Amino acid sequence: MPDHPLPTPEEVARYFDLCSNWGRWGPEDSAGTINLITPEKRRRAAALVRTGRAVSIAHPLNTVGGPGNWNPAQHWVRTGADFSVDYIGLLFHGYATTHIDALCHIFWQGQMYNGRPASEVTSLGARAGAVDAWKDGIVTRGVLLDIPRFRGTEYVTLDAPVRGWELEAAAEAQGTPLEPGDAVLVYSGRTAFYAANPGSTPGVQPSPGLHADTAPVLKRHDVALLGWDMMDARPSGYAIFDDPPRAGGPVHVLAIVFMGLPLLDNANLDPLAQACREEGRWEFLLTVAPLNVRGGTGSPVNPIALF
Amino acid sequence: MPDHPLPTPEEVARYFDLCSNWGRWGPEDSAGTINLITPEKRRRAAALVRTGRAVSIAHPLNTVGGPGNWNPAQHWVRTGADFSVDYIGLLFHGYATTHIDALCHIFWQGQMYNGRPASEVTSLGARAGAVDAWKDGIVTRGVLLDIPRFRGTEYVTLDAPVRGWELEAAAEAQGTPLEPGDAVLVYSGRTAFYAANPGSTPGVQPSPGLHADTAPVLKRHDVALLGWDMMDARPSGYAIFDDPPRAGGPVHVLAIVFMGLPLLDNANLDPLAQACREEGRWEFLLTVAPLNVRGGTGSPVNPIALF
Amino acid sequence: MPDHPLPTPEEVARYFDLCSNWGRWGPEDSAGTINLITPEKRRRAAALVRTGRAVSIAHPLNTVGGPGNWNPAQHWVRTGADFSVDYIGLLFHGYATTHIDALCHIFWQGQMYNGRPASEVTSLGARAGAVDAWKDGIVTRGVLLDIPRFRGTEYVTLDAPVRGWELEAAAEAQGTPLEPGDAVLVYSGRTAFYAANPGSTPGVQPSPGLHADTAPVLKRHDVALLGWDMMDARPSGYAIFDDPPRAGGPVHVLAIVFMGLPLLDNANLDPLAQACREEGRWEFLLTVAPLNVRGGTGSPVNPIALF
Amino acid sequence: MPDHPLPTPEEVARYFDLCSNWGRWGPEDSAGTINLITPEKRRRAAALVRTGRAVSIAHPLNTVGGPGNWNPAQHWVRTGADFSVDYIGLLFHGYATTHIDALCHIFWQGQMYNGRPASEVTSLGARAGAVDAWKDGIVTRGVLLDIPRFRGTEYVTLDAPVRGWELEAAAEAQGTPLEPGDAVLVYSGRTAFYAANPGSTPGVQPSPGLHADTAPVLKRHDVALLGWDMMDARPSGYAIFDDPPRAGGPVHVLAIVFMGLPLLDNANLDPLAQACREEGRWEFLLTVAPLNVRGGTGSPVNPIALF
């Protein structure tokens, strides 16, 4: 592995400008990098389908509270003479539910994506950056970056966050260089990590994951969506994000607030990594279909990869 | 329009046998007609994509209670210093939310799909026929049947339910004959109907929609999924379904219980019908991705059509 | 019945000042008229207990959506091998659930009780006027005013709202003149009214109930709490409240915002009126125990009268 | 402290019969020991009121998930131009919310109170033993047993569960011998215990609390309700309850299933113990008013003690 020095705090401070897409799609834009997915991009993504194998990257709804799931999904069933119904109640942000973050989910110094004031999110919902900007779905080329495979390990560890250069190197090694409008799914081996580290808890620092310097790489390649199983490595090692800890960590902030790039948190990437290895390719058609929640800060989703 | 006599009660009584797929995919099957969607079917469906236009067929979550929506979606937003989150609470069955019915949603004389006893659905969830049978999504060829266009009207009326022969005739007229594994979306002009009939309320009989004799047609063509904006015409005109009224109506019963064919209720088909007319074709790649709810009776969904 | 001319709009406009308790218990006060219930008041209220008969004035949770109940209570039960549990989800404001309104529930021209800005209520809860101000319960003398009995009718009608003078006259006629710190429960025969008027729906105007001029009477007697089955008569007949319709109506506004007097909406007063007639007295010990919801706008309650 | 040998497993096995009230109030009874609270009992309880001091024994709703609260209360607020409302969603059983257990909450070998089969609780609610049996409230003499004060300690420890003889001895020492129909509140110093034992978590064994032999004492005195901050000491030390662990522990089983005696779990007894010490008496009027939930397994409550 080549030598890749960590960026200095000064370099990280420049990421805010470097990553910014504010104004790029007009002052009223709420779709962010999803604008990069053109009809032509979708058409070419559909052309990737060869075998028709379909793989979900969502976890089952986790209805059992406990470490890492302190707002378990409420799922209740009622059954009568000739039918049954159920109720689902979700505070889906957290470390258990596979969900997409809308652009109004994270603020930085009182602002959200596109420079809109955080005050545009009220108890009545978000007037900008809401999830219904993506109501027609996100359909594009998906690329899985299999970091454990690239590293020859089983999972990403606390001492070695996933670095920006690695995203590019892994993509090249897999034969799937990143292209504008891609949905990049970074597999870090979360299941294996927590199985091997029972003292660690998702959402409790320190936690392994992506380094801040992945953000400018995503920006340089005009990636449209980032899915991940491990999320931000925290603490980040940069006071601007750690002292005090800011919601989500550097990639959450840089992606959502500055790039306008949605995150697919808690993606269930084990089955997909397995499928990619079996298929021998790491690109596919990906469909993410958020619920159409007016003014919502995100949505639970069940994204489907089609090979 | 040719003469198409209504089936007699005796003919309708034979639909139960005629439509049955019980045992077809083994005694443990919970996926029903989704088994008809093979990898090859998915591959060919993806090959239908030409322009990359994407259209959602889900309504926005309706959070305002009222006629037709007596269990409004609960959507609540909380916003703090550096992030916002929200809560979604859904009793999604009903006449407002676009949702998929799992095969455990409807019973007939104490049984559900595949002859399993209704008692397999308890307060702990369904042990058979649950929505998680489709956790890897439903990806197939979608065909919109535009009934108002076929009839030269704006919407289906109470006195003229959509008939089985019409499904076939409309499909032929559009150049999209039905094929095994298809997702058939029957557009009946619900929005226009209720706008023109303010005294009518979704879910309150009488309501326009599909006639019982559409069920054997869906079966004959091995359709995999039925989406609709208007659902069952009710009352059905057949005592066996009307006296007393059974949950859902004849197509609900015959599709879910006997065929094992999932329904996409309250589909928002206006934008899709418009897109089909503009594109000049009525077939597309359809992706339906239910939330992975273990033992669930269905799921809210945002199905995406890709042209 | 003596002649009681309706107040003029000018007279009603003076109610805001006339009813105001702003500043009376200090600028930080959130308890409002509940301050009038002293330990001595509670002691004397307990001394009213003679027979030990207990009567609830709460309706059962209504879990069935429909007219008047467009946000039905969600109640779900799960049962396992050795225990059962349930889930209750409530948007309790509305016309079905018996609940208490906190002082932050209603605003008037951007202000709430005690002149606090409405902006003190955010998605994080209320910083003033929240229901937890009453976390130690409301225990006082309850007085039922049986308006149908006073009028010799079965229920209050649309054309004859309950007037302020009537509250005093009914109290005198029953031998229970109003005293500071009392909880006054105004019985108007809601159940009988809606049974006799199937075209009327709770919460849909026009609706029978209390006239605006009851507010200054409640203020003059330093009443601490108002419970009612019918709530505000609406429209009120005064443009300042009707054009456009303001949340709740004049008594809601004058009581909650100006007096700081909590309301017990949708009280189930039929059984209590019956008990009072049987006991031959219209005063009792009343206990109202809101859930201790920090920053909450109210609470479902089950108030208990003890004779 | 006198010598009090622990009961043998054989003695504990006899508690089931010893504690049973099955059939005592008829085969259809769902109220259990609340039947012991007669109007005369309520009258005399009200006569205990001397100073009018009111104290809540409910905790604030805990909306923050974490150890001991794995199903946090959902509380969401929405605020508009002229009013605010909120939503409360509760799975109230657990170790955070102050709640009452209905008699259908616990089963023993397929049966619940009064010998009714557990199958009478379904997803539609309980047909026997439901909380609405107490819809008119529970109003009676409350007696706080201050165990830390009796022991001269700050809290009950893991090695010394509260014993049956202690309940009687503490009651005598306080001058409040137990009487039929009483609500007994056993204060064990939960807050101080968990503050001093950060490695312990409510609901995770081992946990301090009441010994199985308190059950026959409650039965002998015909206590009507048991409130407690610490609940069952677990493991109980008796294989019949521990191997495997049964829901709740021995007192939960013996009280709810066999005596038909409701439990007030997670009572907030610190302020009440303080008030008793200040008032110099340990008896008061107690009012517990469960929400009227048809078929419910319990209810969140805010019980009020009045001195």
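Per-chain residue numbering starts at 1, and chain names A, B, C and D are given in the order in which the chains are listed.
Note that in this section contacts are C-beta pairs under 8 Å (C-beta built on N, C-alpha and C of every residue); 3 or more make two chains touch, one makes a residue touch a chain.
Per UniProt, the chains are A, B, C, D = Kynurenine formamidase.
Since this is a predicted model, take the numbers as computed values, not measurements.
S.K.: Residue numbers at the chain B-chain C interface: does the shared fraction exceed half, giving same, or fall under half, giving different?
M.R.: The interface is built from the same residue numbers on each side, given that over half of them are used by both copies.
S.K.: Using CA atoms for the superposition, what rotation angle relates chain C to chain D, in steps of 5 degrees?
M.R.: Rotating chain C by 180 degrees superposes it on chain D.
S.K.: Pick out the pair in C-D, A-D or B-D whose interface repeats that of A-C, meaning over half of the contact pairs match by residue number.
M.R.: It is B-D that repeats the A-C interface.
S.K.: Consider the two chain pairs A-B and B-D; indicate the one with the greater count of contacting C-beta pairs.
M.R.: By number of C-beta pairs in contact, A-B is the larger.
S.K.: Using mean CA coordinates as chain centres, what's the gap between chain A and chain B in Å?
M.R.: 31
S.K.: If you average the CA atoms of chain B and of chain C, how far apart do the two points sit, in angstrom?
M.R.: About 45 Å separates the centre of chain B from that of chain C.
S.K.: Rounded to a whole Å, what is the gap between the Cα centroids of chain B and chain D?
M.R.: 49
S.K.: Could you say which residues in chain B touch two or more other chains, in rising order?
M.R.: 74, 76-79, 87, 89, 91, 122-124, in rising order.
S.K.: Indicate which of the five shapes (line, ring, star, complete, other) describes how the chains touch one another.
M.R.: complete
S.K.: What residues on chain C touch chain A, complex-wise?
M.R.: Where chain C meets chain A, its residues are 74, 76-78, 87, 89, 122-123.
S.K.: Okay, in this complex, where on chain A does chain B touch?
M.R.: 38-44, 46-47, 49-56, 58-61, 63, 74-79, 81-93, 104-108, 118, 121-126, 132, 135-137, 139, 246-248, 285, 287, 289-304, 306
S.K.: List the residues on chain D that touch chain A in their complex, please.
M.R.: Listed in rising order, the residues of chain D that touch chain A are 64-66, 69-72, 74, 76-80, 89, 91, 122-124.
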